[in-house]
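Below are structures written as structure tokens.
In what follows, chain A forms one complex with chain B and a second complex with chain C.
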Partner chain A sequence: MSWARALAAIVWKDLRLEWRTGEAVLTPALLALLLLLVIVFALPPAAARLEGVFTASLWTAVFFAGTVGLGRSFARERAEGRLWGLLLAPVDRSAIFLAKGLSAFLFLAMVALVTMPAFFAVFGQRLEAPLWLWTATVGLVLLAYSGVGTLVSAVAAQLRAGDVLYPVLLFPLLVPVVLAAVHLTDALLETGGWGTARSWVHLLIMYNLLFWGVPYLIFEYVVEV
Partner chain B sequence: MPTTRPKKTAAVLLAIAAPAVVFAMYMALIWAPDERTLGTVQRIFYIHVGSAWNAYLAFLIVFVTSIGYLLRRRPALDAVAASAAEIGILFTTLTLATGSFWARAVWNVWWTWDPRLTTTLIMWFMYIAYLLVRAAAEGEERRGRLAAVFGIAAFATVPLVHFSATWWRGMHPNIVQFQGGTPRMNMDPEMIVTMLVAVAALTLVNAALLAYRVDLEHLSRRVALLRERVRLEVES
Partner chain C sequence: MHVDLRAVTRRVDGRRLLDAVTLSVEPGQTLLLCGPNGAGKSTLLKVMAGLLPPTGGEILYDGRPASRWGPALRRRLGVVLHETLLYDELTVVDNLVFAARLFGVPDARRRAEGMVDAAGLRLVAREPAGRLSRGMKQRLALVRALLHRPSVLLLDEPYAGLDARWSAWLTDLLAAERARGTSVILVAHEWRTAWPVADRAAVLLRGRLARLLDTAAWDPDRFGGEYGRLLHPERPQAAGPSGAAVGATAAVLSAGAPEGESGP
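Let's turn to the complex of A and B:
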């Protein structure tokens, strides 16, 4: 089986599994919407209109809700020895990482697609920036998130109480991505472009290269039996 | 069964490190001149920079030994990584604490969300997470492997801390500045010497701590093995 076909097969399997269980999109999306309610109720009415509160709330909800789905990415494979099946497949193991990362990215994108309009509506926020620029920024953020998240998920799945540990292991690595997301989207809403926040784009690109590149190289060691 | 002999390296390193620290303290607290605007509180700087450098160094050791462990699978490399991570956390804590004291005197706050401070705190959490991975992994081989993977990923936060002050221009002082590629220190020569001595002395402390901690790690692994053997003999 060729490398690309193996990759596509794993992504396809994840998508079908998702269609049947709703574990990685439905649950996180629901959680994000619940967080939206909690945040809106918790904020004093005047605070919701303050500059920066919208993006901070949006990303807090998306990042926290995302851990629920991402954390299961590999934990799911541990059950019933499914990972053995993947490891026994005669393909390069980097394909497994890329495929899991790619499906994690697709799931996160779907979660964002559901929750972001709700946030805009509830906060009464208008998007002044071009939609493609917003989409590109969010895409870059979620790509970095899924790279880091997939690596940590693979590690956490092999730990005692890994489900509980997952967010604690993930967030220290993820904080720069959260900061970049907040600063960039803030700039987009205020000025319609990246403006002075541009240096955060560099950080995101660097993070993407790092956390898709390094796991790609060392993934063999992550999933040894 | 070989008996335990106290390792010489650690004792020798400590014997060198202890007077070196006393000497560095003398230079930092008495010999170095007063800073013009900050006054005597600036002397925290020497310990602060020494700790920060050693935190970097310790985490670099984690990084290198982690790569080494994945390639060679020597338990000794894993023991060094585990030890260096703890020492790095210690030095990061010292860096944060001394920085906080200095900030209270100079900025009039204990803490501010400056990029350098924020990224240092992230780095601190990162290596706490590394220790959590070690604690939660079952089996020596798996623990070593997963910790090594995490130790490699965690190192991404180290350059982030170091370059944060240049990338985002916070309020954290940046002593070394570059003018057309050549580094320039905005400091009195006597201060530079004191800083270098403090860095060297704390690096010796780092080395001594590492040597002791690695010995301890080997001892505790041997105890675990012995315990296993006793258990087997009792059961048979």
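Let's turn to the complex of A and C:
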């Protein structure tokens, strides 16, 4: 019970901080929209209609913009010894990882909610698939992204040049998620369902189990100085 | 709560930050921990708080090794570190509400509001903590550590940034905690301020416990002399930078100054 209470307290605190700073939603959402502009200006007019360009543009923007907020997840806790403050809480330290991961997921979902409609509108792309299927797909991708992103953020926060190293450490681990996101999005846009890309859903589920389960078990050692 | 340190050692990269520190604090007792910069005082507090692992020895709380307590031990500890642990962007009240919820304090908001009043922060209760002065932040950090009514207080330089009025407030607060049976381990570079609340004083030098004494048997001046001798065994005088050290510093400063600035 105290475990759930501490988890809720950390998520509440992260939401309050976000309300006051806009670091994890507003800034990444603006960056994603700016990336959309850059992509639109950089592509020849006909290229926007080419197969795969929409999918690649959408996920490139979401993944890159997401690092801005995710990277701050634990970096923000490093100032003024705030991580010490969390570690002093009388709960299993895995609750801290789960809470930070859950906050990251909520923030990424808000970024996606703001930016994805803009991508659909600008590229003139219609969503043939049912909304719940699209939501489930994006949800699985963002869950995987927030799990691995939170773990890498916790590791990077212990390093001297953690802010700089964060994307370098993160993106190699993200490759399976990027591949799954692209294949599933293409399938949803072309057929209205997962169809033959269903195996990528299985991969995402396994990835989520791995990158939420393992950090949950080893988080005590990840934050140990 | 009885606190017992047995040969607590911490080594990092071959350096001994703490070297077989052995001492104990009874319930309701206050231990004043003194020592020069880099003596290991803050490290010792962090090891006691479970934030840094010892590489040798053990710490017992009520006779039970800290490692066997698990998270339940942290509910009994109130910790003030050199860092404030505060979120500058959150308001004073929100910082306290968050800490109270983290520690499972019932009716967290009411308790937080009560502590705001206790620390004299009512006028800035809705201000972001980042806008507070150093002294106000220190008071906030202090009441944050007391929110969950801990039975052991680990305080690193609690008087830092407090003016005379609020130093007296802290002294009263520590006296009340002592009366409640709280064990207090208090690090103070300016040890004279904390002397009236201390039952015992310990001097830490290069990670080793150099002296442990009962304050009742010593007056502050005598302790000052002893402390000075421990810090500078080559010259029998009170604690503080030596005349030679001051002279050397002045020489370095004047040597580093651009020509023409030393006189009209």
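Convention: the second predicted complex is superposed on the first by the 223 of 225 C-alpha atoms of A that agree within 3 Å, B and C clash if a C-alpha of one lies under 4 Å from a C-alpha of the other, contacts with A are read in each partner's own complex, and residues count from 1 in each chain.
Note that a residue touches a chain if its C-beta (ideal position, glycine included) is under 8 Å from a C-beta of that chain, and two chains touch if they have at least 3 such contacts.
Owing to the predicted nature of the structure, the values given are computational and were not obtained by experimental measurement.
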Which partner chains sit in contact with A:P90 here, chain B, chain C, both or neither? Use first/second/both/neither.
second
After the superposition on A, what does A:L169 contact: first (chain B), second (chain C), both or neither?
first
Once the shared chain is lined up, is A:E80 touching chain B (first), chain C (second), both, or neither of them?
second
Answer with first, second, both or neither: which of chain B and chain C does A:R5 touch in the superposed model?
second
Looking at the overlay, does A:E224 come into contact with chain B only (first), chain C only (second), both, or neither?
both
Report for A:L131: first if it touches chain B alone, second if chain C alone, otherwise both or neither.
neither
Take the contacts of chain A with chain B and those with chain C, and give the residues found in both.
224
List the residues on chain B that touch chain A in their complex, please.
70, 118-119, 122-123, 125-126, 128-129, 132-133, 136-138, 142, 145-146, 148-150, 152-154, 156-157, 160, 167-168
Given the complex with chain A, which residues does chain C contribute to the contact?
46, 49-53, 71-75, 77, 79, 81-90, 94, 98-99, 101-104, 128
Looking at the complex, which residues from chain A come into contact with chain C?
2, 5-6, 8-10, 12-13, 16-17, 20-21, 79-82, 84-93, 224-225
Residue numbers on chain A that touch chain B, as the complex places them
148, 151-152, 155, 158-162, 165, 168-169, 171-173, 175-176, 179, 199, 203, 207, 210-211, 214-215, 218, 221-222, 224
